[in-house]
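Written below as structure tokens is the structure these notes are about.
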Amino acid sequence: MRIAAFGEIMMRLTPPEYLMLEQTKELRLDFTGTGVNILSNLAHFGTQTSLLTNLPDNRLGEAAKASVRQLGIQDCWIGSLGDHIGSYFAEMGFGPRPTQVTYQNRRNSSFGISGASDYDLDAFLEEIDLIYICGISLSLTEKTREAALVLAEKAHKKGKKVCFDFNFRPSLNEAHGVSLMQEQYEKMLPYCDVVFGSHRDLTDLLGMELDQTLDVSEQFERVVRQFMAKYQIEHFAGTIRQGEGDRRYLTGFLFDAENYVQAAPRQIINLDRIGAGDGYAAGILLGYSESWSLVETVEFATANGVLAHTIQGDVPLTTRKQVKHLMEQPTVDLIR
Amino acid sequence: MRIAAFGEIMMRLTPPEYLMLEQTKELRLDFTGTGVNILSNLAHFGTQTSLLTNLPDNRLGEAAKASVRQLGIQDCWIGSLGDHIGSYFAEMGFGPRPTQVTYQNRRNSSFGISGASDYDLDAFLEEIDLIYICGISLSLTEKTREAALVLAEKAHKKGKKVCFDFNFRPSLNEAHGVSLMQEQYEKMLPYCDVVFGSHRDLTDLLGMELDQTLDVSEQFERVVRQFMAKYQIEHFAGTIRQGEGDRRYLTGFLFDAENYVQAAPRQIINLDRIGAGDGYAAGILLGYSESWSLVETVEFATANGVLAHTIQGDVPLTTRKQVKHLMEQPTVDLIR
Amino acid sequence: MRIAAFGEIMMRLTPPEYLMLEQTKELRLDFTGTGVNILSNLAHFGTQTSLLTNLPDNRLGEAAKASVRQLGIQDCWIGSLGDHIGSYFAEMGFGPRPTQVTYQNRRNSSFGISGASDYDLDAFLEEIDLIYICGISLSLTEKTREAALVLAEKAHKKGKKVCFDFNFRPSLNEAHGVSLMQEQYEKMLPYCDVVFGSHRDLTDLLGMELDQTLDVSEQFERVVRQFMAKYQIEHFAGTIRQGEGDRRYLTGFLFDAENYVQAAPRQIINLDRIGAGDGYAAGILLGYSESWSLVETVEFATANGVLAHTIQGDVPLTTRKQVKHLMEQPTVDLIR
Amino acid sequence: MRIAAFGEIMMRLTPPEYLMLEQTKELRLDFTGTGVNILSNLAHFGTQTSLLTNLPDNRLGEAAKASVRQLGIQDCWIGSLGDHIGSYFAEMGFGPRPTQVTYQNRRNSSFGISGASDYDLDAFLEEIDLIYICGISLSLTEKTREAALVLAEKAHKKGKKVCFDFNFRPSLNEAHGVSLMQEQYEKMLPYCDVVFGSHRDLTDLLGMELDQTLDVSEQFERVVRQFMAKYQIEHFAGTIRQGEGDRRYLTGFLFDAENYVQAAPRQIINLDRIGAGDGYAAGILLGYSESWSLVETVEFATANGVLAHTIQGDVPLTTRKQVKHLMEQPTVDLIR
Amino acid sequence: MRIAAFGEIMMRLTPPEYLMLEQTKELRLDFTGTGVNILSNLAHFGTQTSLLTNLPDNRLGEAAKASVRQLGIQDCWIGSLGDHIGSYFAEMGFGPRPTQVTYQNRRNSSFGISGASDYDLDAFLEEIDLIYICGISLSLTEKTREAALVLAEKAHKKGKKVCFDFNFRPSLNEAHGVSLMQEQYEKMLPYCDVVFGSHRDLTDLLGMELDQTLDVSEQFERVVRQFMAKYQIEHFAGTIRQGEGDRRYLTGFLFDAENYVQAAPRQIINLDRIGAGDGYAAGILLGYSESWSLVETVEFATANGVLAHTIQGDVPLTTRKQVKHLMEQPTVDLIR
Amino acid sequence: MRIAAFGEIMMRLTPPEYLMLEQTKELRLDFTGTGVNILSNLAHFGTQTSLLTNLPDNRLGEAAKASVRQLGIQDCWIGSLGDHIGSYFAEMGFGPRPTQVTYQNRRNSSFGISGASDYDLDAFLEEIDLIYICGISLSLTEKTREAALVLAEKAHKKGKKVCFDFNFRPSLNEAHGVSLMQEQYEKMLPYCDVVFGSHRDLTDLLGMELDQTLDVSEQFERVVRQFMAKYQIEHFAGTIRQGEGDRRYLTGFLFDAENYVQAAPRQIINLDRIGAGDGYAAGILLGYSESWSLVETVEFATANGVLAHTIQGDVPLTTRKQVKHLMEQPTVDLIR
């Protein structure tokens, strides 16, 4: 399956060795973004991947493309428009000090100012089998919202699989309020086959109601079933984070038309607190694209998500061999 | 004399060791800008300095203020507005390979969206004696243009000295064309006492005409005299770069009401090709603020300009002792 | 309240990535010292701060002043004397390997050779409301001892608040023995309003006796009350470190004339094992200077002390927002 | 024209800041090789490029492929064999101190142990128009020699263009002596269309004789004409380095069936003394593949060769825009 | 006691800050190897040490010798042969992500191609009292196997102590199978006085049988006693790693002719997961060479092994003072 | 010939990439000193060398010794005393900006407080053939002056060769004045065999008079002859620096009892402006110790001096092969 993503390439600037911005003049530059992260991981798993986005036609655009290629992603559908790449600074936390992310101007980026007509969507869709769309496109600007919706509709019509990730961040939507956002999500969902989301997305954003007469765990399953039925969703997946003392655990869940599975929880040990979910999503998409069983898929995706936490930066670089090593020999901490 | 500047604080991101962007993930972060550069240099000369600008109220704004303080500039007139700092990436050239600067979105920066009413200009002007305004404010946005003109007018009315630098960059003004820019400069100049500029600024931007019947050197002097008379300018200063084989030389010139002096040319050896003129301007302002003779002033400023080329980054950090050392013992290349 | 400190600026030289000195040629240079640390933290909390010290009149002195300004501390009371800055090398420990500090020549530093007459104490005291004096001044040299005592006496006479930190290090006093030191501390304490210290300082250094008929916890409270009464101390504060398995916890305590409060213990997770106490002291001084309740003060100071452990270097750079975040949302480890 | 190369990917390990190996523990790792260099430059010029080679199936092989992709080269014809990548350490010279290259074991590398049957040559040749073969393949091992000759023969038979670079290094051939090498080159040349070489290659390696009755410059032209006629070579190109005082200049030459042109000499200013010729070759191949005039081609290639000297590492990363900038505005040393 | 080792010097190349190879171009270069590690640690304990090996006569060989000297090891018995140093890349793991070691071509290294006649074994043995031989020599090449056996035999005949470490790595011996290896070990053991090994070495490699009628702990003791008797071994030592929840512990054991002792387990906290055993071995050899009691020896060695885990790189740099500090004041985590 | 030196080990701290102290927190640490520099270079030439000095018994002393060993110098005559190592910060100049050296407290260093009785001079002298003493010992402290004089006298009496370098720095002697210094030098010189110095040392320091009736060049030769006769000096050597336009040249001179030779001038291209003379001195001592002709010696020494300027740091690391390469193939700038 040829997998593509529609999304923004951002610059991530990170001080070394857990330093705060005032403490250093040295920064590490990475090119990142949900689409980049998931596609790169899939490329490392051996999948053919391609990113649809726009970049400025300048030295930063060239450097961004070089980075995307290095990650194993095809750059032939990256166009040129505008003169700005959105960026964020990540001051890495340690222990009780949180990682602090500071965004710089995303809305005026090349991606932010590009609408549907700024891409050759039809030609692009001919060359792929599944398109991943991140929910942030619905929040960022009117242009990105329109582009995402047109793309999803076209893909759906052409019989391509559409994978959508809620990724709803209230902080990006303070201006509009939840009701505008709900409307956009409701426009998008009918085109979708595979959806990543959480309990909160269904209740708080879409306004679905829980059946309080049921057990808590059954409430969740019931509302997901209603959601999947309403929008004809093939698979619904997501993660749950749990704490126990000062340890934290990751569990993934996955629904298809008939079944619901949950992975065995795995302890999270963080090298980098950002970009955790993308490793999980890449794992689910790998299993989906290769028709693995639900259990195989969710266990692999959860192990991959936990490994993503141990890698510097947002971009998971794991291979199948590495994920399987963790699943099969979790106590071997030195390979030679 | 308490000297202040109105201008933008930008981030400069520079790869190490002459590397190009694709070759490294390491960047050096400096906070810079014409105002920052000149004030920092004056502070290193012992002058009390203060910057008038706006920054975002986030971690980047805090880091920028820390950097400004480190350079010796008071940060008490730096306000909070917006959520973005303009930035540029500088790939350092070597030999025939030019230094390549790539700007990222300046117009939406905290400075770019701040107009006159976003500063407390009256209170600010009470605490200073001279205000330096960079011509880029006239080009950047309507807001910065308005702020610069109101500030200059108020300063002039209060009897404060106004120093203005043409700093005209055609590339920043492609949208407007020269005629709009000429108009803005003509509004600004009547408030000004000390002006930095070039031959080309007077002829190409202001449209002044040369007297072709004169010698080339007299043509320049004549047009400067006309310019100074028209706008009641007290001092006019600038630099000339000359080549001889593969060597390059810097000479400064300086006019007052009666005299015109030019410094002995000094060879330029570049460690960093950006920010050269700001060292010269700081030298002129030091002589001006301490009422040195024209010759003393222009020789000091030229030596300082040449030293600025030997320092990494835009910000000249020279002290009086260092400039005098170069003027008095130019062949001593090791001090202990 | 304008808060000042009297103390040494030192150079701290630290190898990167937990390397030992033989393993690297790269060192990180920070300017530090108890006074620097506390004032910088208070400046980040919004307080006006100023450091009284001397530095050499050379490039190192200039660099030290630039660093102090960057931290938000006024450098106008830093004078020039001598030609040496004390330094220490910090090899960062990991797990069971301790952090190893190696001092280089502190006694001949600019600060070490400066006595009371080398500062303009009267003018300085006019511009401040509270002076922080670190007990190390009493141990370092005869000059620093004299300067500290004269300063405290003058401040007390002028009605300024005097804050004193025992900071008694037997290793710095091997030559003199405890009895000389006890004498010096007894000279200092009558001038003091706020004192930082420990159980051990009162018993081992000052020779106060515990009432063995009481409970252990009452013994401590009783001896503190005697101490405060004897020297007319307004507030007495300090920290207690406790272990539980391989976890370690920090608790702060604070006495005023009538009450005694202790903070809830907070787990310590160390990025840097040096300079922990200064974050706590800054928190106490903030609450004191703004007349917070004892409980508010001690909880804030303890949270700040724990955060100081998660920051590279000795200097705490926390803001009120960051401390409050930890107090209110301790499990949120990623902010965007 | 789809251009491919057959050649080794090596690791280059370089100490920073002109340090020698004993002076540092830090090294920079680049993946390089004549084929990598030329293809990467062509990819930056917009050409579709592909590398034929083998790498170990381990983490180093994965990292090498990621690097090749980042440079814009397709990695789909890079196979897996063996467990070793050849490497060299480059201690960068300065002034009179030469750059010192130390090779580590090239003959046992994945490339060194791969013969013709270890590649799918027929399928590969279907997808390209021109194949570049570096002469080092003839010297390295028997396997690489055989692979190069079979590849050239097959390409020639299929009507693909074959470009060959003498790149004769006596030091790599001490064991065999020149006569064996001459024989190999004579086997290769009949398959070739475009050849890079020097005067010395024709006389010392191939044993061709100069006509001493002619002028020196005519001698060279005559022997090249004989060489081109003998092997039916379409184009012959190379560079000449000249000194004048302590300046050094690069000139390129280019022959086709009828004409001989030489570029205007350009001064060489070295940031990195290795990999100079590959920039020139990439320029020639660009002109060749786009049917430029000889003069256009040789001037572009020479300018590109000079730029390659100003870039860290062996791999030229210049774009058409950058080369044209140097050709059109050689004195502009700062672009913004 | 003058202690020497026979073994390979390798290059270890490590990316910084837990980065994977694709994520960085920066590598740290260390010269390492079992012999280097143990001798360096003994030199830091004050023992005179010397390494017997061969290196290429080039810049890498010079750099390797400089590094060995820096570690305190005499380089006068390091000869010149061949042109290659074996290397490995270590991608440092974090949490559940294992450290990944990738070897590059060891068999063609200067050490790998050197047999007994390439060393002056007789002269060398005159100047030492104990020779340490690592079992990897028996696996690497025929040359190293022969050299190790001749060296051991000669040393034994001259009455020098021979210390041998099984260090059996099945992965290095896939070609030969266990039976060839068993034969080599059986040739070596009769010359040995002190042996490092594990339960598995005795049963799986040497094929010794456990007495299943005994308790598990007695089985081990019994088989060791049989082994020591068979080969006249003076001391047998090794380590056991145990897990308890997510904590891991190290325990050392040591047998002499009559007694068997085991150290109290110490928690392992890893900065670097490679080279752990060499610190333990150095501790045992120190106690042996100074005739400490078994208990003193094994406790010191275990503490040293745990410290070795907290040091970057393979080479333990601990001093007696540091080990004693851990044994006596394990909770003091900051020394000044 | 076994060559030793008596002198201080200092720490040199250097910011990277020509940065000034305020611009970076990164410093490079080297251990250096005239004795270290010369001995290291001789060790790289294959001579057995040994340093006589004292260091503190702490982590810095250990690191310094490791560094000295790495340079090839025996550390067995380095004793322990005091607790301080002198240091200097070197801000590297560029073009017209001079390199700026800032010293920190040398007089209280372990070396500075050590007198003759703090070394075992007799035992030490038994193991060497030539002792190099740097003139700075005469200026530094009374202790170092006494130690140097006693050492020279003892060496002379035992028939060992004494090599002395004037190295007179007026700045280190401001307190004493020249006359005290002249006296010390006059005490030292009668023990000396080989002396490094300049014209100025003989006239300004020793007060010798020129014969103005002679040509300038003859004046110098005459005064050297008088000097050598007076103190029975075997060889006198030094360097002359000349400028021509903006180029600078180094020439060495060398006298023995009968002859006077001068080397052909070589252009100086500076990577590091400090420590130039030590490379020259090492070259002279090599020729002296191996009884080369004067011409061979002075040409080798001058070439070596020029190479020393191209190496980062004070310590020349050149080998015979490198120096000969420069002498024989000065235009080959890339060796592979």
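Lettered A, B, C, D, E and F in written order, each chain numbered from 1.
Here is the rule we go by: a contact is a pair of C-beta atoms (placed from the backbone, for glycine too) under 8 Å apart; a residue touches a chain by one contact, two chains touch by 3 or more.
Bear in mind the structure is a predicted one, so any value in this text is a computation, not a measurement.
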item	value
Angle (degrees, nearest 5) of the CA superposition of subunit A onto subunit C	120
Taking each chain's C-alpha mean as its centre, the one farthest from subunit F	A
Subunit B-subunit F separation of Cα centroids, rounded to whole Å	46
Subunit A and subunit B: spacing of chain centres that average the CA atoms, whole Å	45
Junction residues of subunit B - those touching two or more other chains	17, 22-23, 25, 62, 66-67, 70, 100, 103, 270
Subunit F partner contacts - residues on subunit C that touch it in the complex	13, 21-22, 25-30, 58-60, 62-63, 66-67, 83-85, 87, 89, 91, 100, 102-105, 108
Residue ranges of subunit B touching subunit D (in the complex, touch as defined)	17-20, 22-23, 88, 93-101, 103, 169, 171, 243, 246, 270, 273-274
Subunit E to subunit F touching residues, read off their complex	62, 66-67, 69-72, 319
Residues of subunit E touching subunit C in the complex	16-17, 70, 266-267, 269-271, 306-307, 309-313, 317, 322, 325-326, 330-336
